[in-house]
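Below is one structure; the comments refer to it alone.
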Amino acid sequence: MARIDGRAFDEMRRVKITRSFTKHAQGSVLIEMGETKVICTATIEDKVPPFLKNTGKGWITAEYSMLPSSTQTRKIRESSRGKVEGRTQEIQRLIGRALRSVVDLDAIGERTIWIDCDVIQADGGTRTASITGAFVALVDAFNVLLVNQQIAKLPIKSFVSAISVGVIEGQPMLDLCYEEDSTAKVDMNIIMTDQEEFVELQGTGEEAPFNSKDLMELIRLGTLGTSMLIEEQRKALGELAALVGGE
Amino acid sequence: MARIDGRAFDEMRRVKITRSFTKHAQGSVLIEMGETKVICTATIEDKVPPFLKNTGKGWITAEYSMLPSSTQTRKIRESSRGKVEGRTQEIQRLIGRALRSVVDLDAIGERTIWIDCDVIQADGGTRTASITGAFVALVDAFNVLLVNQQIAKLPIKSFVSAISVGVIEGQPMLDLCYEEDSTAKVDMNIIMTDQEEFVELQGTGEEAPFNSKDLMELIRLGTLGTSMLIEEQRKALGELAALVGGE
Amino acid sequence: MARIDGRAFDEMRRVKITRSFTKHAQGSVLIEMGETKVICTATIEDKVPPFLKNTGKGWITAEYSMLPSSTQTRKIRESSRGKVEGRTQEIQRLIGRALRSVVDLDAIGERTIWIDCDVIQADGGTRTASITGAFVALVDAFNVLLVNQQIAKLPIKSFVSAISVGVIEGQPMLDLCYEEDSTAKVDMNIIMTDQEEFVELQGTGEEAPFNSKDLMELIRLGTLGTSMLIEEQRKALGELAALVGGE
Amino acid sequence: MARIDGRAFDEMRRVKITRSFTKHAQGSVLIEMGETKVICTATIEDKVPPFLKNTGKGWITAEYSMLPSSTQTRKIRESSRGKVEGRTQEIQRLIGRALRSVVDLDAIGERTIWIDCDVIQADGGTRTASITGAFVALVDAFNVLLVNQQIAKLPIKSFVSAISVGVIEGQPMLDLCYEEDSTAKVDMNIIMTDQEEFVELQGTGEEAPFNSKDLMELIRLGTLGTSMLIEEQRKALGELAALVGGE
Amino acid sequence: MARIDGRAFDEMRRVKITRSFTKHAQGSVLIEMGETKVICTATIEDKVPPFLKNTGKGWITAEYSMLPSSTQTRKIRESSRGKVEGRTQEIQRLIGRALRSVVDLDAIGERTIWIDCDVIQADGGTRTASITGAFVALVDAFNVLLVNQQIAKLPIKSFVSAISVGVIEGQPMLDLCYEEDSTAKVDMNIIMTDQEEFVELQGTGEEAPFNSKDLMELIRLGTLGTSMLIEEQRKALGELAALVGGE
Amino acid sequence: MARIDGRAFDEMRRVKITRSFTKHAQGSVLIEMGETKVICTATIEDKVPPFLKNTGKGWITAEYSMLPSSTQTRKIRESSRGKVEGRTQEIQRLIGRALRSVVDLDAIGERTIWIDCDVIQADGGTRTASITGAFVALVDAFNVLLVNQQIAKLPIKSFVSAISVGVIEGQPMLDLCYEEDSTAKVDMNIIMTDQEEFVELQGTGEEAPFNSKDLMELIRLGTLGTSMLIEEQRKALGELAALVGGE
């Protein structure tokens, strides 16, 4: 069995990370993973949600959306429906947790960093691409605070990236495109740090449960993928990469 | 370090499953896991969502809610807010996927089974208790169809149950109560079949990432817990248990 | 003509009031009137709605809901609809008025008592059962304030209970079950104090108007019913009953 | 004690009923009760709600609203709030029930009569004025069907009108204006037919419970008031009055 | 080609402006333009929206609505739909801008003037009639402040009125009624001051684009119409008219 | 007085139109006008809104949105607010009308063309840029139908483009950027065809009314601007341009 686009089972799609994609947000990144394209921005707001008022702590919150024209069949705009779908909410919560897990929220002051991930073209793996791209935008945003001497050092403990893996016709594979994703019986999203520690692991076997052996192979592929993506993040960030996890 | 309620690290709370708890739904179960109490019902409706019309297939959908008085601090009613929270939607989707994974949807005709999980008292682990209890209600509901000769055999491929595990002060533990859950740095929900296969695995290390060793221990505890819960389901179902997975 | 369940026309269904049904709310009651079962809780919150700020007065507000599985045909969850039905709002307002009518709101300080009535099984008379049960939960909640010396005496002026009566095939009857309720041409809810005074009287003859003679007989039955229910409340409250209406 | 506007306790305010107030609806009435002014219209639609499809029966449904400028303090528009208040829903349901109670729904074919009651100036008693005025609009609307030979006779069994009564400083009074209404301890709305039968009776003693003696006097006043209003309806309808309740 | 109601192409419908139409708002006007009838009120509130707090400036905001019975086919109530339509929002914004353009917002203190335009009968041109009528209500409301010595002079720089014009079968016409409006290929609303300056000009040729010649003729008609309407406003205001634009 | 970016008063910003910007929609254009960047897509759906069913006619509908990160201060997502703002609705309606005005809806069959304009970076003139860009996407979408022989010729009667003009410190100017737009006292959007006919003209003088002389100069500038933009559309479309307005 060969993959639909000719890749090896443990091969990722071409990754491209473009910084400063738009000009208003402090961090603005276009991430492309094959045909999946997401604009990830980080905007700093000088206030926090009510539960953090007067604690000196900051917060990171994420929103995710797909342009109606980003999918094969036009997707109805959530603002027209008047409500945010369950899937969207799940993804937003996931992105927020992933980024908060590597940031020292005590060190950013009473600020909220708004992460916006807007998918302009979807071909599978939009939520994991969002996390990988948003991390880079977040570094750029914190760097603005650093340059303005509003914080003393980059409050980021480690890199974090995310990838999807899955089992198709019994074969575990890395970085599923849309067509693969829709035929996979097992589907897993893995989010890892540069220490190869897990930030989040979500595996679903709705179509067919999976056993320990599959699980181990999926984790191996995910570890490989996230570590390659962290390499891409480092390259994109250039000198800034050295500030991540610094003392 | 001892657990707050004196249990061993791999010890579950007392489980109690009461069938026929209320009279209108075809399946109605009260599940208690320690102080957590959830009413799980299964109601059969003779129609399917639009995407399944004229396919001959059925569907299982789940709703989850907490009574305002079920939590330590009164919880605002979602109907008053006018919208369903992200957390609720995540849980509803999880319960639905878990139950669909063990049911032969082709064998139930164009019917929808509505699963309602209403938490009347919360003390941690409400989403996993919901799945474990709802499975029993589902068996009862299908049994009504069987008795009425509307289906030829119980369309359930295997048992499914769910449990939460987590890491507290470095110690992996089984079946967290609320107080443990709120201090856990790593938190995982594991859903398994009676074949010890994974239906879903969701681990989050928002407070601190976790390594492979932790992961393996959490999976071991989860496997233990779900297998004990399946024993409880069998006991509660009595003779009906034998019809699950039958030819 | 005999009643569907063999009762005499002026006979009530079996009443059972269970206190401390759940553990988080200050007052938590399960009331059963025949097959109708409602969880009524009273939760104290240390603030008041905007219109009472800085007045020194407190407030009582009520919410009512039916579990989807509580009715013969599954009821769509109001949180899914995104709005609270007119019927629900009417009932919530009724419960709130009934309880406020017997409480000295000036004596409870700037606190709100949240009454939650959640029907877990419905067989007619859920709104009146809610009032009768919620009264007991309210006494328990105020008793917590009393025991904690936050108030000097129980701020309740009298008992209050409620019952439904109706006319079926020309015959006035007490305490209608669901099947009776749906065939009644005249339907009345009566809420009375232990002084046999009216707190609320709501009679509807949508199907057929009613004359003075019917009205008088319905009032007689309602007076009988509410006075029997107040007896049940006294029994359930035990020693606390003596504190109601005290100097 | 004298009334604020010098009326006797059993005296109504000046009533004025203007038919054909606007031109698009089949029935359009401006009813004035003292300073309370309500536009009541009846519009015929040639379809019924889903639950009546293919039954041959018709339906009457009512909507009620207050112009923002109708009240002493400007009232926020419900369309701006995005939801209909509980009070509004209660009133709408009340108006609908009152009118349906005197109409032979089997005789109007599969049509819905939409009753719209829009308060342009409020000074107490808007819901009862709405019912009294809407009845006249309803007769006019049915008369259009009659003239067009779409129905054989006016499908109205009797007149119906409504009035508010209340107890102020111990004195029962008829037809409360806003200032009286806001100081009344007991407040009752009475809806009666021309046979002096009750269609609806709603009495509330939120501020203070009321005894049987008060109840009897309030009923006497209400009977007086509704019968005077039916006289006004007859006068306004002229020749059409004779068609009500006809064989 | 003659107009449906026999008017000349540059002839307006009969205009009637009734002040003090209802009693609670500080300004209350019924404007009739032929069969179009709108209640326009102005209510003063002693606070401003958040963006103006502590600026010393005031604000004017407008709301517009049509009674369900105001149109040929009954219009669904926006409060029932749960949202305000795009058309309504456009009109509300237009009315607000038009009135703000002639008022000195710095001179009214931190107050909001709420303009409510409620159409009770519609026959074309409701948005322009709303502006013309609301201007008169606004003068009355400011006059209340003036009489109470809360402001030193009427803070209104000039008169403003509005009219619709359009092209029907190639013929530009003034003040379209509903039937004309629905067949017009070009439709324009013109809002002008008593200095014959434009406050707003909105022309649409959805059905067919229009050329400069049409545009010039439509502007000529609009100038004529608004100037005639300002004459009507002057007459209706009587002595107050002299205070507009005063030093 | 010089313009902020050094342009002459009648000079436009640099325009760039990129076709096939994303891959799923039949037409997908990135339009850049200076720093304003909008993704405009056209998606064909094989059904029409209810009011067009069985008429053989098609429809064009438009949606407009700004990414939260597209503006200087982050804009709250409309899906989070749960409703679409009035400004957005006005723009959507404007875009739809503009495009429908140049399309022969009878010639496209029962199809809906969904136009989505998503602003990824805003610097003034987003609604007019949306129209100009969407026109090109619309041509591409219709060309897909043409190539597939689903229609016989391009159903577009003429080009249409749009531009904003305004008066700043007394000086009429072409194509305002954000900073100019926010200081302009008069603001006008002009939409024209390649025949120099008006499709829509919307001028607002909220801050200060404008006279005929200003109006004429604004129209002159708008005519200039739209004609230059139509040149850009022609260039971008290449050979396809010749099919517009063809026999």
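In this document, chain identifiers A, B, C, D, E and F correspond to the written order of the chains, with residue numbering beginning at 1 in each.
Heads up, the rule we're going with is that a residue touches a chain if its C-beta (ideal position, glycine included) is under 8 Å from a C-beta of that chain, and two chains touch if they have at least 3 such contacts.
Computed from a predicted structure; not experimentally measured.
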Task = Would you kindly count the fewest steps from subunit A to subunit D, each step being a jump to a chain that touches the current one?
result = 3
Query = Taking A-B as the reference interface, which entry in E-F, D-E or B-C shares over half of its contact pairs by residue number?
reply = E-F
Message = Which chain has its C-alpha centroid farthest away from the centroid of subunit A?
response = D
Request  = Taking CA centroids for every chain, report which one is farthest away from subunit E.
outcome  = B
Ask   = Since subunit D and subunit E are copies that touch, is their contact same (over half of the numbers shared) or different (under half)?
value = same
Between subunit D and subunit C, distance of the C-alpha-averaged centres to the nearest whole Å = 29
Key: Centroid spacing, where centroids are CA-atom means, of subunit A and subunit C in whole angstrom   = 52
Remark   = Where subunit E touches two or more other chains at once, the residues are 82-84
Ask   = What is the sequence of chains around the ring when one begins at subunit B and proceeds first to subunit C?
value = B, C, D, E, F, A
Note = Contacts from subunit E onto subunit D in the complex sit at residues 22-25, 28, 35, 37, 39, 41, 43, 45, 63, 65, 67-72, 74, 77-84, 88, 114, 116, 118, 120-122
Ask   = Of all residues in subunit A, which touch subunit B in the complex?
value = 83-87, 89-90, 92-93, 97, 100-101, 158, 188, 192-193, 195-212, 215, 219
